[in-house]
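Before we start, here is the structure in question, set down as structure tokens.
Order of writing sets the labels: A, B, C and D. Residues in every chain begin at 1.
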Amino acid sequence: MIQVGIVGGTGYTGVELLRLLAGHPDVSLQVITSRGEAGNPVDRIFPNLLGHVDMVFSEPSTEALSQCDVVFFATPNGTAMHHTPALLEAGCRVIDLAADFRLQDPTVWEKWYGMPHACPDILTEAVYGLPEVNRDAVRKARVVANPGCYPTAVQLGFLPLMEQGLIFFSGLVADAKSGVSGAGRKAALGTSLCEASENFNAYAVTGHRHLPEIRQGLAAISGQSVDLTFVPHLTPMIRGIHATLYARLATPESPLSDEDLHQIFQTRYQNEPFVDVLPLGSHPATNSVRGANYCRIACYRPQSEDTLVVLSVIDNLVKGAGGQAIQNMNIMFGLEEKTGLDLPGLLP
Amino acid sequence: MIQVGIVGGTGYTGVELLRLLAGHPDVSLQVITSRGEAGNPVDRIFPNLLGHVDMVFSEPSTEALSQCDVVFFATPNGTAMHHTPALLEAGCRVIDLAADFRLQDPTVWEKWYGMPHACPDILTEAVYGLPEVNRDAVRKARVVANPGCYPTAVQLGFLPLMEQGLIFFSGLVADAKSGVSGAGRKAALGTSLCEASENFNAYAVTGHRHLPEIRQGLAAISGQSVDLTFVPHLTPMIRGIHATLYARLATPESPLSDEDLHQIFQTRYQNEPFVDVLPLGSHPATNSVRGANYCRIACYRPQSEDTLVVLSVIDNLVKGAGGQAIQNMNIMFGLEEKTGLDLPGLLP
Amino acid sequence: MIQVGIVGGTGYTGVELLRLLAGHPDVSLQVITSRGEAGNPVDRIFPNLLGHVDMVFSEPSTEALSQCDVVFFATPNGTAMHHTPALLEAGCRVIDLAADFRLQDPTVWEKWYGMPHACPDILTEAVYGLPEVNRDAVRKARVVANPGCYPTAVQLGFLPLMEQGLIFFSGLVADAKSGVSGAGRKAALGTSLCEASENFNAYAVTGHRHLPEIRQGLAAISGQSVDLTFVPHLTPMIRGIHATLYARLATPESPLSDEDLHQIFQTRYQNEPFVDVLPLGSHPATNSVRGANYCRIACYRPQSEDTLVVLSVIDNLVKGAGGQAIQNMNIMFGLEEKTGLDLPGLLP
Amino acid sequence: MIQVGIVGGTGYTGVELLRLLAGHPDVSLQVITSRGEAGNPVDRIFPNLLGHVDMVFSEPSTEALSQCDVVFFATPNGTAMHHTPALLEAGCRVIDLAADFRLQDPTVWEKWYGMPHACPDILTEAVYGLPEVNRDAVRKARVVANPGCYPTAVQLGFLPLMEQGLIFFSGLVADAKSGVSGAGRKAALGTSLCEASENFNAYAVTGHRHLPEIRQGLAAISGQSVDLTFVPHLTPMIRGIHATLYARLATPESPLSDEDLHQIFQTRYQNEPFVDVLPLGSHPATNSVRGANYCRIACYRPQSEDTLVVLSVIDNLVKGAGGQAIQNMNIMFGLEEKTGLDLPGLLP
């Protein structure tokens, strides 16, 4: 049994980790910390876990966490980097679901997150945990930076086109729509039902923190810097991300058809347990992955013109957060990758 | 492995049965029929099942179904009663998720369902599958009538009060609210997003088919006929039933407190795997049981006056349909009752 | 032109008052105060009012407000009572949309609102502004207590039955469902989209502040004290209240039919501009009154038994708050009662 | 008073026309036809209109319609073109809210709408009713083609950039999101609450009927053919369209700032009664125009790179249908353009 600790388990990322770990056959949940809820039973905060997680939140303690094989950080940005060195020292492995280890360049990190990085040396060691790209590195990693929700959907969508060199690396567009749970479990007027339901709007159009993460990832895939415009939108639903991606065909005279595109994606992802290329003619829907760890994708060349369109959906809390974190853990500990994650979505 | 067949698997009850059975360790899904979708892969109709149910809908065939140990009917009312005799003959056991075997009196059935009953003799044999009341009878049953969604929430709420003789059996009120999936998977203007979201209304106030079922069940529990008013309401959400129950205290001068009521419910349900009595002060929320097989309950005596209030929630598609059906199957086949159902709800 | 001031215009009651007053032909909006938003343009806080309300929030000032003919208080409970005496002194009339003047007994007020009343002498003078009951008194009132949202829907539903002496005054049940805007414009986890959508739950079952208000109103109507159980529920929509009311027939042997009940309601409300009795067989839906000042009602005797059921819907922000306040203003100033309120609901 | 007729008033476009016309001071509603609902009161189909539209649906009759000054067609595509010639003959003017007169080339119309055009000669005469582009022509038009909902939001967004020659006319992207009411008032599984709420997906990615309309409009604005990719998405809300537009700057070395862009838009739209350019830093939200005839816009150059982003929102049933139709009527009949449309949105 893998001894698992969770730091900061009172957000939606935390409850989703708990829901999935509670059913994981090879995991023993040892400790879950929360400064604010220390002493309170987990199932009082998350009544869906009643009968499934019989634990009490505890004060964060490096000593208690050090007993674990792996520690998940489901904390705000800027927390994990302060605790990771000590945990590594103690022989723990770390999976951070926040952004602390996602950007390799500490200068870029500081610019976007507004604080100096506490352990820039570990940045170089940390592995960006997108299994479809970095599976081998994840296997040996001591520190995994679990990707952001938008970056997961966007990178998996562009990946096959970039690897095949089919598109220009400039003028890329990622128009992304997220359910409200992406904003976290918190009281805020903008995400109240009265303001956010029956409404749709873009936000952070001039610059969102996931932009440098996406660019870094796409640059790693393509071997060159990419020029991408990223616009996130708040969507009146709880879960789900839909990324609509636009790229110009590098060779417009190419006879590339929708069938060809389908085949290219199919070939790339055929052995991936959590990426499904949908049948030709399909439009992936976020509700087909609700509560499940899948990314579902389709790619088209509308009207046979020069712009390709990729449609990519995930559940932001699963493949975009807790599920992918457990997928990374499975890889790190040599388990079958689907262990504990082999669940269909909840429909309707 | 229990060989399982499903008749009529294209509704929401069907997809929920499939989602749960796909993860059930002791079940082998043999056949799933649909007249309308015969020949089509299940995962084309229900994309959430992609990778989990690799089957094709087939034409209904008594012969194929006869090979099964148990057949679930997830069909419209009036279907199962035509096929059940032949299946029993062939040695199958039957769990009907529709209403065909719920009412013991064929005259009452005819009145409310508008057609003669096809096998009234089997009515007497059929067991009403509310495990918290009829567990022993279910164990031996050849035919189980899976309870309606509203009746499940209502009966479990009144049960402890009736068994203890605490309330008058007249003037009972069940004010029940259901998510839209209770209306089934179908195209209808009234359940379209534009009409049913941002809206709330009662329906069938002068008489709903679940009324005689609830009365029959409460009469069986209390040993006498009961007088109940039942008003269902359409609620702008997908899943969930919230029943708010009102009953007058038989002895108004009684000092019965909220604590006493909590204790009475706690005692009644302490060994029930799927009924949770919530801590004093709680108001059960439907989203705490989303996708899960639990009924969660609280009972109060507001302002220490004569009217008791019970709050009872379920997921109409799980404890109110597919989950309870599998719970019944587990009992019928001697399995641990929680097998395949030990899943927390999806929150948020 | 009536010179109008609004105190505390940054909540949903405030924006709804502004939306309606902006189109009122006999109103000149003079001042709108907000301590928190003083100096900010109204249309920055409420972008729907862009081009319609070209005002800036100002610091509360008795002097400025004193210039008005009428001042609306859209403030938290316990505010209006501190400012009303000075405004009356200055010759203003006051309409309070909060609870300060709703309960006639200061002891009861203190018990439910947790603070001493600042001007109990004015309590006796204040008129409870339910026009269908108190139109004449409203006409002459200096201070109008605008009714609560739930109390409006509940009292209008019971009114005809009580006036005709058709029901027992004990064992009454008001099961009420409200959209989330009833909780006000504020950041709170419980009313966030992630927690409140796809969810339904009761709250305050052991005692809600609208209970004494409803009881006081029903007692005034019936001339005797009434025994009522009131359970409010949070419903996953923005606007709307649906009250489902249950009462036992005083003479069960009576042949009273649904048609008779329809006629009784029709007769009572035929001259009311904002109460519609729906055709026999209808179930009033909250979306038929979205954004409009109507209360729509139906009454039935299900299964010809002893319990009557009334269905009553309003928009909690209009007939349950800002619209009714303007209706009261129209009456107070001798205008045609529908002035500025003659708007159909928004459907879909 | 303008004598008005409506053909086909049972859809959402119809009810919205009725809601707005009911409050229009210069309109007398003469006839409203519906083959399916002939003989039924309008307020039975649309209960929000109770007390506001006291009419009965009638069988379509050219004779009755001929008495009107203007006839609105709120019918399916392919209906208005059969009746328009006779109405023009009789001296009526026609505003078609469907697509019959939107495309000037009958060959293109046939390709996208799958039927031959019934009156191609009138196509040349018909005026495309986007007032911000064609106000003068609308004034004199006998036949106005009311623009589609998506095309309205998209064209108003690109307009200032194209008129100023700031962007390349190739590689344009319009990523558009619509509320479900855009699919019309009908029973369909895909737009049921259970399927469409808590869900997001693209549709018609390979080709939507609004694509040729947008291209034709943008070509007319820019004086040259444009290359545009248009992807519509179904959004889990009732009303609202959000178009997110992407275009590459024609001169990337230009120092064009967000302030410059704001000024360009502001200048273009300063005299437009129904287009608001939002303050710098704003993200227009669909709920700010719910029920109102406004288009609200913002334009940015994220990260000072080569791609411009325009955010444009409308209510698809108002500025995207019924409201714009009335705006056109006002222009055609020499009324002040805001008459009957001077209503703020409904928020929350």
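Basically, a contact is a pair of C-beta atoms (placed from the backbone, for glycine too) under 8 Å apart; a residue touches a chain by one contact, two chains touch by 3 or more.
Remember, it's a predicted structure, so these values are computed and weren't measured experimentally.
The chain pair with the larger count of C-beta pairs in contact, out of B-D and A-D, is A-D. Taking each chain's centre as the mean of its C-alpha atoms, the one that lies farthest from the centre of subunit A is C. Centre-to-centre spacing of subunit B and subunit D amounts to 46 Å, using the average Cα coordinate of each chain. Distance between chain centres (mean CA atoms), subunit C to subunit D: 37 Å. Rounded to a whole number, the gap between the C-alpha centres of subunit A and subunit D is 38 angstrom.
Listed for subunit B are residues 12, 181, 185, 194, 197-198, 236-239, 285, 287, 290, 348, each touching two or more other chains.
Residues of subunit A that touch subunit D in their complex: 170-171, 173, 175, 177, 179, 194-195, 197-203, 205-207, 211, 227, 229-231, 233, 235-240, 242, 244, 246, 248, 258, 283-287, 290, 298, 300, 302-303, 305-307, 309, 311, 313, 348.
Here subunit C touches subunit D in the complex through residues 12, 15, 19, 22-23, 44, 46-53, 181, 185, 198, 238-239, 276, 278-279, 285, 287-292, 294, 296, 342-348, going by the rule given at the top. Contact residues of subunit D toward subunit B in the complex are 12, 180-181, 185-189, 191-194, 196-198, 236-238.
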